[in-house]
Amino acid sequence: MLYIINKSHTDNLALSKCLQTASATDVVLLIEHAVYAALELSQSPLTAMAGSAVTVYALSPDMQARGVQQAACLDFIQYVDYAGFVELVAANQPIRSCF
Amino acid sequence: MKISIQINASPYQHQAADSAWHFIQAALVAGHQIYRVFFYHDGIYNALRDSRPPGDERDIVKRWSALQAEHGIDLVVCVSSAQRRGLLEQSVARKVGGYEAALADGFRIAGLGLLMEAIIDADRHICFGS
Amino acid sequence: MKNIFFIIDKPLHGNIQTQEFIDIALMAAAFDQRVLMLFEGDGVYALLQQQTPEAIGLKNSSPLLKALSVYDINDVFVEAESMRERGLSSEQFVIEVNVCPRAELKQQQETADQLFSF
Amino acid sequence: MKISIQINASPYQHQAADSAWHFIQAALVAGHQIYRVFFYHDGIYNALRDSRPPGDERDIVKRWSALQAEHGIDLVVCVSSAQRRGLLEQSVARKVGGYEAALADGFRIAGLGLLMEAIIDADRHICFGS
Amino acid sequence: MLYIINKSHTDNLALSKCLQTASATDVVLLIEHAVYAALELSQSPLTAMAGSAVTVYALSPDMQARGVQQAACLDFIQYVDYAGFVELVAANQPIRSCF
Amino acid sequence: MKNIFFIIDKPLHGNIQTQEFIDIALMAAAFDQRVLMLFEGDGVYALLQQQTPEAIGLKNSSPLLKALSVYDINDVFVEAESMRERGLSSEQFVIEVNVCPRAELKQQQETADQLFSF
């Protein structure tokens, strides 16, 4: 399952909730204000996920827009641009937009 | 792959319309087909023809119209969401003395059936919201 | 026929969003799709009896929930954890529901062709 | 007491317009003066004349118009918020072939200066948002 | 200071944040979806506030609309209708709408 | 002259809200009111350098922050706790700010004639 998260974790519990049930076959994609959760010092629920089997992507154009640097992010985060976003959509089913 | 898109939020105040537009561009480049873009809830405000953002900013409404003109993508505004919020079908507008040309170029107003069709026929349906 | 899973995680009254969302589910049923509905998070409050939105001039949308069975939507689930966190029991609800644990609902969602939330 | 009100959210999708309206009714009953209602951000959608909600629901736009007609309350829509989102001043609409009558009865379009005036002159300024 | 909170505490941290600094002279008013926080079993940040000096009101018409019963609410919650909302606004300055 | 306190608790880019909100602050300054600005919560991210919203086709609003001093808005505060929770230091910001603890900012807010958030 592909979870698309678009809200900051300090605003909304969508990220926490999806991480509670996400398993090794699941993919989480952070877009829009949710990219702040990729930051190592964000105190986001992702910071406790190192070593977990869940795959987490962040949308790099949304990071650039916000000045979120890859060097400051958790090391298990992977990065995609919009082309990669499309590939994630094509490769995963079902998809849940957690808005 | 046939991909269908749904927009649930107003333009400018939320990033949904921007995210969807960039996603669609990338999907087209990758050779996918955009089956339909369906505007629901406050998403219908994306279709207001009179939108005039400052000249140094992107024009979200015009960008949708161009997407239809250049790629023939079906842009459908939900009739019940639209009527509630102030965007009328031409025939209704004519009847009640409303704005017949309120809908920007390239959009059409139709019922929820077209959303169902998109969900049933497309391989993927992606929602963008607030 | 597709399996379409509708997830309601917001209350029913105060704004039009949930009502408009349920309209999609009813339309899906009218199109002979298999509709599953899940209430989780604050969405479980949508099921409460004794809601009187007339108090703030709003139309009562609870009848929309009762219409689900008319549209043959019988797979209506509520997340057990969300109910427990709010101290709710299914006797307080306007319709009959299946109370399921989160993990089981996750498995169900994985089999869906389409997940819908708003 | 002079109370000024600001609405930052679209009608129907958010409760802001409802909450504000009930608040204003109660304030008037208590003998307070509503100095002005200022519509900002997506709040400008409250002023779309063509809004046609189903007959068994409250009509938010008409309710605002009635508030102006019955109590003379000043309803001001921010010009820059409005122009960006598709609601034009009559003179601009005339120039660009837009909808001159898009604004519902009782509203006027003006600049942020009128918001400042309200904040400075009123005893209280209350925001309702999403 | 009067804090007006309008979002559910499971959606948003506004209520938590205002309770962190609220003092005996402050008043908190719950409106719209925030009224759920008045429920005793809501696990809202208010449930830990019994005995605190902060005054908390809930808007009763918004409670009625949502089926939130006074009998199920925390016992220190006070109730106002829109007339009471107006009185709180007239009696307090400044006012912060935590939207 | 009124003391008007503007509280920004949302990031700068992605949507128009924060930009439109800052427009009110600039207008207040133009009306010779005493303007105080406070960045807290995710609002502290608004101050980050190296934001390039052009990457998603958006206008860069960072110059709006630099315009604050032009409008004689010099009382710009950042909540220390919000910065610490996000591991940020003021060298990463595009403008000079006063870093203050939450409790002190609360006292300041109490003296305001008008608190503004969005």
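The chains carry the letters A, B, C, D, E and F, assigned in the order they are written, with residues numbered from 1 in each.
Just so we're on the same page, a residue touches a chain if its C-beta (ideal position, glycine included) is under 8 Å from a C-beta of that chain, and two chains touch if they have at least 3 such contacts.
Treat the numbers as computed from the prediction; the structure is a model and nothing was measured.
> Tell me which chains count as touching both subunit B and subunit E.
Both subunit B and subunit E are touched by A, C, D, F, going by the contact rule given at the top.
> Measuring between Cα centroids, what's the chain most distant from subunit D?
A
> Shared numbers divided by all numbers used: is that above or below half for subunit B and subunit D, i.e. same or different?
same
> Is the number of contacting C-beta pairs greater for E-F or for C-D?
Of the two interfaces, E-F and C-D, more C-beta pairs touch across E-F.
> Would you mind pulling out the distance in Å between where the CA atoms of subunit B average out and where those of subunit C do?
So the centre of subunit B lies 26 Å away from the centre of subunit C.
> Can you tell me which residues of subunit E touch two or more of the remaining chains?
Expected reply: 10-11, 13, 32-33, 61-62, 93, 95, 97, 99.
> By the touch rule stated above, which residues of subunit F touch at least two different other chains?
Residues 14, 16-17, 41, 56, 58, 114, 117-118.
> Touching at least two other chains at once: which residues of subunit D meet that condition?
Counting only residues that touch two or more other chains, subunit D contributes 8, 12-13, 15, 22, 41, 84, 127, 129.
> Throw together a list of every chain pair that touches.
According to the stated criterion, the contacting chain pairs are A-B, A-C, A-E, A-F, B-C, B-D, B-F, C-D, C-E, D-E, D-F, E-F.
> Which residues of subunit A touch subunit B once you look at their complex with the stated criterion?
Subunit A reaches subunit B through residues 4, 6, 31-33, 61-62, 81-83, 85-87, 89-90, 93, 95, 97, 99.
> Mind listing the subunit B positions that touch subunit D in their complex?
Residues 10-13, 41-42, 45, 48-54, 61, 83-88, 92-93, 96, 98-99, 101-102 of subunit B touch subunit D in their complex.
> Residue numbers of subunit D touching subunit C in their complex, please.
Those in contact with subunit C are residues 12-15, 18, 22, 56-58.
> Show me the residue ranges of subunit E that touch subunit F in the complex, using the header's touch definition.
Interface residues on the subunit E side: 1, 13, 17, 20-21, 23, 93-99.
> Which part of subunit A faces subunit E closely enough to touch in the complex?
Subunit A reaches subunit E through residues 10-13.
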